[in-house]
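Got some structures for you, see below.
Two complexes follow with chain A in common, the first pairing it with chain B and the second with chain C.
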Partner chain A sequence: MVLQGEQAVQATGRDGDGPRPARARPAAALRVLLGWVLVIGLWELVGRTVLADRHLIGVPSGILGTLVENADVYGRGLWFTTREAMIGYLAGNVAAVALALLVVLLPGLERTVLRLALVVYCLPLVALGPLLRLAYGFGDGPQVTLAALAVYYLTLVPLLVGMRAVPRSWLDLTATYGRGRWTTLVTVRARAALPYLMAGLQASVPAAFLGALVGEFTGAERGIGVLSIQALRSLDTDGLWALMILSAVVSMIGYVLVSFIARRLAPEQPTVLLATPGADPRRPAWRRWLVSAGGVALTAAIVLLAWAGLFWLLDLNPYFAKRPWDVWEWLVSAPTAAEHRAELFTAASQTALVAVPGYFAGLALGVLLAAAFSLSARVRRALTPVAVALRCVPIIAIAPLLVAALGRGSFGTAVVVALMTFFPTLVSCLYGLGRLPGQVADVFAAYATPRTRVLVLGRLPAMAPAFFAAARIAAPTALLAATVAEWLATGTGLGNMMAVDAATSRYTSLWSTVVVVTLMALAGYALVEAVERRVLAVVAPEQSRW
Partner chain B sequence: MTGVQTARTAGRPAPEVLCTAVAKTFPGPAEPLPVLASLDLTLEAGSVTALVGPSGCGKSTLLRIIAGLEHPDAGGSVRIDGDDPLEVRRRGELAIAFQDASLLPWRTAAGNVALARRLAGQPVDHRKVARLLGMVGLAGFEKARPAQLSGGMRQRAAIARCLVTEPRLLLLDEPFGAVDELTRRRLNIELPPLWSGATTTTLLVTHSIPEAVLLADRVLVMSARPGSIVADLPVGLERPRRMQQLHSRRFTELVDRIGTLLGVDEYALGQG
Partner chain C sequence: MVRSVVSRRTVLGGLGALTVGGLVGCGNEASPSGGSASGTDGPAAAVTYQLSWTHSVQFGGTYLAQDRGLFRDLGLDVSLAAGGPNVAGDANTVSGAALMNVSVADGVARSNAEGADLVIIGAQYQKSPVTILSLADAPLTSPQDLVGRKIGVAGTDTPGLEAFLAINGLTQDQVEFVPSQYDPAVLTAGQVDGLYCFYNDLPVALAVQGIEGHSMLLADFGYDPMSQTYTVLRSSLQDEARRDQVIRLLRGDARGWQLYQDDPRAAAELAVQAYPDAGLDLETQQEQATVQLDIMFSEATEQFGFGWFTDDQVQENLRLFELLGIEGATEQMWDRSILDEVYRDGPTA
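Entry: the complex of A and B
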């Protein structure tokens, strides 16, 4: 391939819409203020009239009242949740950096480490909550662990991309002087990866909250998640909104803080998106298949070994800490195995029937809205901050709210899934639509091409890497969202099954479900990735270098 | 060449470009950055004008202003046969080649060239696309994507993309910057017949003084930022230009003179 890194980075690095000079006008500030007053007034009005009995919308006055009234309880809950999220955030990110260093120094391990990392990321947090609680006993341990698990992959992937997205010429520089990997890592890669690390650190702030909240939803003693469940049970809509807003605000503060540090340390924006390392297209197809199949088998073997070995090392009680062979017996060799499989299959198809449409609806909505934004510079400028703000909200916090509002049917679950997919997709696509290099945009301008045509011919293809990066990560998230909603309410699907299993101590069944959910998430991820490879090979061949 | 297209462009003679009081100041990080001092400029219909000057003197900005991609500061205006540049762009009569080839990475070389026809509202003519790619030395690379081409090859594809629409106003911003020296010399001779003549007015930015003299009817020398035109030199060599003219006295004199004006005479002679 003739194209080298430098050019690729330049080609993708130019932004179509540069930052505009800020115009400080008091009139504009007044208008914004007026707009907010209007929105809140309208919100109050709608909440008190049209939607008064739906348990959907808390009204601003009620939310404020609840906040003041419960300041003490909510404040303590918020502190616990925030602390769990912070410790988990630190632990998860330290793990991500350590893994990335390992991979850079021993590149041969990369595929295997990434695969294992993905398997761990695809574990159903919902089921891990109660299981970890049995292992840790009373306390914040499970929530912290879940927060770390939700975080580390989101940092690891961009960090690895950053370590590779170094212009070839920079690497040649250290090679010219005969220096090795360590020097290259210290002098070139570490600095080049910094913006990517920062992007990962930002994205993982709400994820830390998500992990902590899922832990609290699934049986913790204290925290915002526990208060949310109580509010949900007592149909306290204002309370649910107040709690959601609280966790959103804290998450946003964390996000802003990290962004501030990021701007100080690495002001430049990361230029290349999260394409995972591609297979070498020069190899014949059968060899690529063989290599992937071997990799998958190796990963499976390591996972099984680690599973059994870890439990043995930690001497976990086999009553709840089931081993691989217990699951095998439950699903395959036991006389009742067929029943177990049927039960799991029913639950899995229930979940899939909700999660798959929700996922695609979320993706479609995200792309459509982003495309609509991109047609009007004014709308885009107005709504991009909103979209960015939404990126730092732990969307899972609204799951109880939606369940309360939309009823305990599959529709509510599908909406939760769609929202969990929609927001990251929207944010990522908005970013991606701006990825059309400035001079390419000028080529369109030279023919006075109308915006809709620039969108179809230029911006949408340029957006593809960003879209797929979001779609890939969203596949396991969609399953997580579905199982959380099912756990909280519906009484169907895998989430419900895990809740019942955990409550009735059917631990072998629970572990089997964990295995199945993980495999489903992995399958979803792999499917999206397969489509991504096909599309990006045409649309963004420069990405496949990484 | 399709009949429709020939009729359309042949029916309209090359336009005259009139720049009046065109100045440009960019909002700098600390204070405004004047890039172009106010300049008046007329490009005669059908002429080829070369713009030379030190880096950062606003050559590219002037090109973009003439294309209407950038607006001049208040008071300045650009008229192409009396029309606003936007109208000319809407009619698909303007083409511009940028310093970066700016090809769409997901289209093949031929696809990128053909795209210009579509954008200009002209029927896609695959034979013409293939012929132009052949002329810029990319025969056999029609199906290659930009990532598979070298920098110089990408730039040549971009030139083909410019020419495929038979523009009435052709703006070239260092079109041969990344092209290797041998190919560059060949293109300098072979391409001008495609754009000089009755139908096209051309403005070209280049860093190579010999290239400016070889290609243009008139060379404009710009000063350092904020850019203004310090010399306006008619070339007066007969067309079609040939390699032999590189060694004529008129040619070397002009190259020397421009080099002196720019303060880089040794460099310029080295290039010749």
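Entry: the complex of A and C
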């Protein structure tokens, strides 16, 4: 459960609490135990009094009873879903590493690869699910694929940031020895990227589980997803909560395991990353615009080709699997295209009004939690399981509870979006806070600087690259979360539109909406990237080139 | 050196196997017409039958047919494909992944309006299961009771509720629509006064949890889209071999439901036993099995056979489509010739 951030803190030995005296341990354990008893007691009390018969929350005694009663069914379901999640996790992360290697060896491809990765990442479940089922038929295929898709982007983005987090002098050194990109990659970049890779691997554990779980909504016969639909509709609140707790426990185990490996693999202190800012000759504005426009056109061409080509190769029926030209007709060339565009525009603006506040709320929540975790080990220990649970549980399972607590207004939906997006930010920022170079930490220590001041002056700037990696991931995630929140709570926007389109077989409209969602995600991503470039040029100039 | 070559080959071979496996898997499912097409003597023809939701006793008769070998006796090797929140049943039939699916008339009409050519050849439900569920201490018993109330309805069902209001002379602004999914907790938590759902689903869950509810079937107030329809591609009816499979599939299924009518509780036990990973609760399943008898069997099924539908129903559905704003549907969307064939010698399949 100890994160990389804290590892760096304790490594300096002066900044952290230091090891506790042995005799204090039983007392501390007792305190923790009492804390748990208190929380569970309160939970039970609230569930049996204030919220009795409302079926908003399960109560601990009921959950325990259900767990015991259904041990074999739940156990098998958990195993199926965990297996799907593990295969997806593996496949997704291997894909992420492969893509990152490709970019390092051919840096010119970076923006194209990232844009393509984004397009694939933000395909909504409602369009992708039935398609995967058609392509795979019976079996685990869709679940595993969705788990992999939920994962690979979370690893790819920070990994690329990490590959660049190297001092200029090291690169000069390999260059002096006449070595190429491969040697640089193996000797310098791989090591530097390790903490960032670990951040991605850790953040993607609960994501893989959730991906597999919702993948089971596509007509699977077994697994936690299937069981939770059943529990949801049977008003079996205790059963539903038992399933969610099992999901959280498994995700937590994976998370702790990766964190443990991370501490073993990357124990060293970060070094000062010296790089001269703005060393790149500034090209004239028109040339930069031309290059960007060319990049966008290239991405678009690849996406369209892959879309049409893949559908053709898999021989997907055009009734459901619409091609690019169908969407073009719907949005541009058909006589009613103007109406379609107007309808989509209205929905898109509604979604933006949910997604944008939710995005910033999610980022803020992630950063604040990371800061709190790095300042207090107690807060971290208490809240990490909650954070993991919120990330691996499908939001539909706690929708009535959230609505009861937050309402259906813009505040409520923003909070829902924040809850669905903050986790990668939290993990990435926790690692980022640990990127304070050892020498700088020593300086702070020599002057006995208070921890909050170290945080503000040292750790937050060191966190910048990791933060922006998270901010880039959060852009498409917030958009997808907004569509889910709309489907659940507001009944407006692109989320509702996609659900209605799917239910009424309006597949051309559905695919057009998917295109709009993708374009919005790309636009949001580009905005974040622009801000990132300005800020990092000052705070972390090593990030501005390979 | 040799070792490295071998390992690379192994990896490549593994990758190849994976992709080929994926493609083969997809190919198998995409051709339901494989195997023998005629009679019961040859090897059984493999067909996929797409259900409308996750496994439960809702499909009890079909499970009985499968379990008692009724399909096998007719020379069919039937795979039952589960439905779910993200399953496009009609699309699976259109693409050929399934020979037949269980759908609903307005859904089929919408699919056809979008370019599908599906035909309804029977209806498991004699009455639409759509209901407005309320709590017994504040029951909603007639359309008028909805005025000024909050009704939970999924976005996909909004057109249905609107049509229901229009049929009963009410307007949309008289009722507050609350977006929700099929989660009865919004009702018990007091977030809505009524919930748009299905007669044999959430009301049963409520009853089993010991909560008294009231269920108002919309079919009793003029909104009665044909439900749990047997839906196939028109082209499947035109192709001799496929048509034969459809007849056998429907006959086997109807025989299963005849068994079900005699002993619904046995079907519930079978559902729980056949799908141990679906998380089904025996008590709930037995309750549901009994409840849905109301909407599945009627005088018409006694007289003509299970799955029957009448010309009046067809006309009523066409009028309903107009209210729902679905264009282009005609009587051609229904075809009773399969039922006629199955019940040639009386109302027993």
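Operating definition for what follows: the second predicted complex is superposed on the first by the 303 of 546 C-alpha atoms of A that agree within 3 Å, B and C clash if a C-alpha of one lies under 4 Å from a C-alpha of the other, contacts with A are read in each partner's own complex, and residues count from 1 in each chain.
Here, a residue touches a chain if its C-beta (ideal position, glycine included) is under 8 Å from a C-beta of that chain, and two chains touch if they have at least 3 such contacts.
A quick note: this is a predicted structure, and the numbers were derived from the prediction, not measured.
Trainee: Contacts for A:231 in the overlay, against chain B (first) and chain C (second): which applies, first, second, both or neither?
Mentor: second
Trainee: May I ask you to name which of chain B and chain C touches more residues of chain A?
Mentor: If we count touched residues of chain A for both partners, the winner is C.
Trainee: Should A:404 be classified as contacting the first partner (chain B), the second (chain C), both, or neither?
Mentor: second
Trainee: Could you tell me if A:143 is touching chain B, chain C, both of them or neither one (first, second, both, neither)?
Mentor: neither
Trainee: Touching A:477, do we find chain B (first), chain C (second), both, or neither?
Mentor: Once the two structures are laid over each other on A, A:477 reaches no partner at all.
Trainee: Contact-wise, after the overlay, does A:502 reach chain B, chain C, both or neither (first, second, both, neither)?
Mentor: In the superposition, A:502 touches chain C alone.
Trainee: Applying the touch criterion given at the start, work out whether A:488 contacts chain B, chain C, both or neither, answering first, second, both or neither.
Mentor: Only chain C; A:488 stays clear of chain B.
Trainee: Residues on chain A in contact with chain B in one complex and with chain C in the other?
Mentor: none
Trainee: Please name which positions on chain B make contact with chain A in the complex.
Mentor: Within the complex, chain B touches chain A at residues 27, 64, 67, 69, 86, 89-90, 92, 94-96, 98-100, 102-106, 115-116, 119-120, 145-151, 161, 165.
Trainee: Quick check: in the complex, which residue numbers of chain C touch chain A?
Mentor: Listed in rising order, the residues of chain C that touch chain A are 22, 25-26, 28-30, 54-56, 79, 81-88, 90-92, 94-97, 107, 110-111, 113-116, 154-156, 158-159, 177-186, 188-191, 201-202, 205-206, 208-209, 211, 275-281, 284.
Trainee: Touching residues of chain A toward chain C in the complex: what are they?
Mentor: Checking each residue of chain A against chain C gives 53-56, 70, 73, 76-77, 80, 125-126, 129-130, 133-139, 141, 214, 216-223, 226-227, 229-237, 239, 314-317, 319-320, 396, 399-400, 403-404, 408, 487-491, 496, 499-500, 502-508.
Trainee: What does chain A use to touch chain B in their complex?
Mentor: 1-3, 7-8, 10-11, 21, 437, 439-440, 442-449, 453, 457-458, 461, 538-542
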